[in-house]
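Paired with chain B in one complex and with chain C in the other, chain A is shared by the two complexes that follow.
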Partner chain A sequence: MNPNLQQVNHFFNKKRFRLSLILVILGLAYAGASLGLGFQTHSLLNIQDGIAWLIQNFIPNEASKGYWHEISQQLFRTFLVAVAATTCAAVGALFLAIIGAKTLTAAITVSWVIRGFSSLLRNIPIVAWAMILLFSFKQNDLTGFLALFFMTLGFLTRAFMETIEDFGTEKIQALQATGATYLQVIFQGLLPEIAVALMSWILYMIENNVRDATLVGLLTGTGIGFIFNLYFKSLRYGAAGLVVLSVILLVVTVELISNLIGRLLS
Partner chain B sequence: MLTVNHLAKSYDGEKKSLTDVSFSVRSGEVTVIIGPSGAGKTTILRSINQLIRDDEGEILFDQIDMRQLNRVQLRRARSHIGMIFQSYNLIEPLTAIENVLHGCLGTKSNFAGIFSIYNNREKEEALKLLQKVGLEEFAYQQCRNLSGGQKQRVGIARALMQHPKIILCDEPIASLDPKSTITVMDILRGLAVNDGISVLINLHQVDIAREYADHVIGINNGQVVFDDRTQALSDAAITGIYRKNANLEGSLVHES
Partner chain C sequence: MIKPENQISLPTQVPTGPRLTIPLRFRDRRRITIMLTLLVLAYITLITLPTMIPSHFKLGAALMSFTENIKIMFLQPHLTNTTFLTLLGALGQSILLAFLTTLLGSVLAFFFALASTRRLAPTPLVLGIQSLMAVIRAIPTVLWVLIYSVVFGLGADAAVVGITFHSVAYLTKVYADSMDELSPDSIETMQAMGLKKGTIIRQAVIPYLVSSYFSWTFIRFEINFADAIAVGAAAGAGGIGYQLFMSSSFYFNFHEVGVMVYMILAFALVLEIISYRLRSVTNQ
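So, the complex of A and B:
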C-alpha cells in the first residue's frame, strides 16, 4: 500500500477513535448523574401527559381576555425598564471600556481592575442581583432596573473592550501622528469606526434584558413577572398563559426590530 | 531638515532591532529607505514622529530633538510631520473630506476637534487638496467605498492638510496595483519637487526606488549599509543591502 495513503488512513482512524471516546465519556457522565439524582430515564416516556395538561390549562380562554389591558400595561412597563437599564449601562460601559482597553489604557493595572470589576458584575447571576438589591431597594421598578443595569454594565464593558481592542492601534496612531489629542482620537477615530458594532451589542442586550426583566419582575414584584406570578398562584392559568404568550410576542418583535436596525446600519 | 544620529532600539531588551542608525534628509528631496523585511525600516520611520519610542540616539527635526519633547511640544511637532501608511489608516465610515480635515486636528482645541468644528478656510483647503489628488468628486463618499489607490490619495491629502515640512511614508504602495502605484508615487515626487516638502519613503521595490528617489538609504539588520545618491545604487550595492544575515537565516524573507 502507498505509505502516504496508510498515513491518511491512520489519521482518520485516530480521529474516529477520539470522537467515539468523547461520546462514551458523555454517556457515562449522564449515567453517573442520573444515578446520583435517582432520575429514571424511562419516565421521559410519560412526558406527553404533562404537556397535554399544560396545553389544556394554559391556553388563554374567554375569561382571560379581560386581563389583556393590565397585561399590556405591565408588559410595556417591563420593556421600558429593560431599555432604560441597557442604555444607561451602555454609557457607563463605553466609558469604562475606553479607559480599560489595552490599546488605549494609560496603565495596564487600570485595565486589569476594570476587567475584574466587569467580570464580577456579570458573573453574579441576574437572580442573585435581584435578591440582593431587594433588601435595600424593596419591591419597586428601581430594584429591577438596578439588577439589569449592573449585569448589563459588566457584560457590555467586556464586549466594548474587546471591540475596541480588535480595532487595533494602527488607525489610532495615524491620528496621533497628525498631532491629535487623546480625546480627539477617541471622538474622531475610534467612535465612528466602532459605532455599528457598539449598536449591535446594545440591541442584543436590549433583547436579552426584555427576557430577563420578566424573571427579575417575578422576584422584585413588579412588571409582567409579578402579574404572571399573581395569576399563576391564584390558579388563573388562562391569564398566566396569556402573559407568557405576550412576552414571547414582545421578545420576537424586539428581535425583529433589532435585526432590521442592524441591517440598516451595516 | 531632519537628522537622525545614532538611533538604537530593542523591543525585547535583548535583540537589537536598530543599532546605531544615522542619516539625514534634505528639504525638497525624495529619500527612500530600502532593505529586507524585518531590517528595521518601519521602526526608523515611526521613531521620527515618536509613534515608537526608541532607546538611544537623537532625532533632530528643525534643530529640535524629538526625543526630548514633552506631550504638548510633541503634539505641536507632530502636526508638522505628515504620515501615510501601507494600510491607509483612514477612518473608513467617515467621508473623504472628514478624513482630510483630520489633518488639522493638531492645531485645534480639544473641543473643536471632538465636535468637528472647522472654519471656512480649513474646509476650502480640504476641498482644494482633494482636487489636487484628483478626488474632488469623492469628497462625500465614505472611505470604505473607495479603492486602495483612492484611499491612499485621501491619506496624502490628510497629510498635506497638516502643512507638513516632511512626509513619512510607511510602505505607501505595498498594497496597491501597478497603476495606482505610479499615481501615488508621482504625487509624492511632485510634493518634493514642486512644494519643497521632504518625502521619506520606506519601500520594498528597488526599481521604484531607482525611478523616484534622489537619495537612497539601505538598511540591513538594523544598520545603515548604504547612504548615497540614487545614481550610486549599483546592482552590487543592492545585493549588499539585501544579503541574508547568517544569524537571521530563515526569518529574513526577501520580498521583491
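So, the complex of A and C:
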C-alpha cells in the first residue's frame, strides 16, 4: 500500500476518532445532567404545546383593554428606572475605572481593590440584591433602581477598565511629555478617544437593564414585573399577554434605537 | 531678493450665496451623536431621580438598616434552617441547569445560525429567523419559565425549556454575527471549485468559528448560571435561587443569605479564573 495514502488514512481516522470521542463525552454529560436535574428530554418535543397555549390564552381580549392604561404607565416607569440606573452607574464606573485602570493608577493595589470590588458587585446575584434592598428600602421604585445600579456598576467598571487598558500607554506618555497635567491627559487625550466604546457599553447595558428590570420588579413588587405577576397569578392571562407584548415592544424599540446610535457612531 | 514691480495676484472668487459659519467640530457626526445621547440620558435621569423617592421616606434609617444587613450577611454567615450539604446540592442543581441549557442552546443555535448567516442562506430566511430570535430575546427569561411552568408544571422541565429559549435566541445572534465576519472570498472560491454546502461548512465556516464559538458559549454559561439563580427565586424552579428566596423573603434570615452568597461567589470566582485562562490561551 502506498505509504502516503496510509498516512492520509491514519490522519482522517484519528480525526474521526477524536470527533466521536467528543460527541460521546457531550452525550454522557447531557444524560448525566438531565438525570441529576430530573429533566425529561421528551418535554423538548412538547415545546409546541407551550406555544399553542400561549397563542390560545395570551392573546389580549376585549377585557384586557381596560388594563392598557396601567400597563403603559408602569412600562414607562420601568424604562425610566432602567435608564436612570444605567446612567448613574456609568458615571460612578467611569470614575472608578480611571482610578483603577492599570495604565493610569497611582498604585497597583488600588487597581486590585477596585477590580475585586467590581467583581463582588457583579457576582452577587440580583436576587440577593433585590431582597436585601427590599428589606430596608421597602416596596418602591428606589429598591429596583438600587438593585440595577449595583449590578450595572460592577459590570461597567470592569468593561470601562478594560477599554482604558486597551487604549495603551503611548498616547498618555506623549501627552505627559508635552507637559500636560493629569486632568488634561484624561479629559483631552483619553476620554475623546474612548468615548465611542464607552457609549456602546452604556447602550448595551440599558438594553440589558430594561429586560432585568422586569425580573427585579417581579421580586421587589414594583413596575412592570409586579403587574405581570399579579395578572398571571390571578389567571388574567389576556392582561398578562398584553404585558408580554408591551415588554417585547419596549425592548425591540430600545434595541433599534441603540442600533441606530451605534451606526451613527461608527 | 529681487521683487517684481507688479506682483501677480489672482483674485480669489468670493463665493456667492449665504455664508453660514458653522464651526468644524459641530459638523462632526460622532460628536453630535455622543453629546445628544448623553444629554437625553442625563435629562431622563435628572427628571426620574426626584420622583423615585416616595413621600414620608426616611433615607437615613433605610441606609442604616441596609448597612446593618450587609454587615450581617458578610460578617456573620451561619445556617439555621438548612444544612450546608443541602445548599451544596442546590448549588449543584443550579450549575447543572446552567450547563444543560448552555449545551442544548449552543447545539440548537449553531444550526439556526447557519440558516441565518448572510454568507450561506437566502435573505428572506435570514431576516425571518433574525426577527423571530429578536422577539424571543425581548421576553425576559423569567417570563418564559413562568409560561412553561403552567404548561409542563413547576419543575426542571419548565426551567430547562424556558432558559433554553433565551439561550438559543442569544447564541444564534452572536454565532451568526461571527460567521458574517468570515470573508466571502473563501466561500466563493470553494463554490467555484464545485464543493457542496456541507463541505464548505465543515472546511471553512467551522474552523473559522471555533474560537469565537467557545468564548461566546462560555459567556452564555455565565449568564445562564445567573439566570438559573434568578429563575429559581422568581419562578420557584428549585436550586440555590429558591433557597435564597425562601431564606430572604420568608425567614428574613440574612445570616443564611450570607452563606449562600459566599457559595455563589466561590463558584463565580472559579468561572472567572477559567475565563482568564481561556483568554490567555486564545491570545497566544
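Methods note: the second predicted complex is superposed on the first by the 236 of 266 C-alpha atoms of A that agree within 3 Å, B and C clash if a C-alpha of one lies under 4 Å from a C-alpha of the other, contacts with A are read in each partner's own complex, and residues count from 1 in each chain.
One rule holds in what follows: a contact is a pair of C-beta atoms (placed from the backbone, for glycine too) under 8 Å apart; a residue touches a chain by one contact, two chains touch by 3 or more.
This one's a predicted model, so the numbers in the text were calculated from it and none came from an experiment.
Contacts of A:Leu80 after superposition: chain C is touched, whereas chain B is not reached.
When the two complexes are overlaid on their common chain A, residue A:Val251 makes contact with chain C while staying clear of chain B.
Ranked by how many residues of chain A each touches, chain B and chain C are led by C. When the two structures are aligned on the shared chain, A:Ala29 is found in touch with chain C, with no touch to chain B.
In the superposition on chain A, A:Leu218 contacts chain C only, with no contact to chain B.
After overlaying the two complexes on the shared chain, residue contacts for A:Phe145 are found with chain C alone; chain B is out of touch.
Once the two complexes are laid over each other on the shared chain, residue contacts for A:Pro125 go to chain C alone; chain B is not touched. By the touch criterion defined above, A:Gly189 lies against chain B but remains apart from chain C after alignment on the C-alpha atoms of chain A. Counting contacts as defined above, chain A residues 195-196 meet chain B in one complex and chain C in the other.
Chain contact summary for the complex, chain A toward chain B: residues 170-171, 173-181, 183-184, 187-189, 192-193, 195-196. By the touch criterion stated above, chain B contacts chain A in their complex at residues 46, 49, 51, 75-79, 81-83, 85, 87, 89-94, 102-108, 110, 113-116, 158, 162, 168.
By the touch rule above, chain C contacts chain A in their complex via residues 29-30, 33-34, 37, 41-42, 44-45, 48-49, 52-54, 57, 62-63, 65-66, 69-70, 73, 92-93, 96-97, 99-100, 103-104, 134-135, 137-143, 146-148, 150-152, 155-157, 160-161, 226, 229-230, 233-234, 241, 244-245, 248-249, 252, 254, 257, 260-261, 264-265, 268-269, 272. The part of chain A that touches chain C in the complex is made up of residues 26, 29-30, 33-34, 36-40, 43-44, 46-47, 49-50, 53-54, 58, 80-81, 83-84, 86-88, 119-120, 122-128, 131-138, 140-142, 145, 195-196, 199, 202-203, 211-212, 214-215, 218-219, 225, 228, 232, 244, 247-248, 251-252, 255, 261, 264-265.
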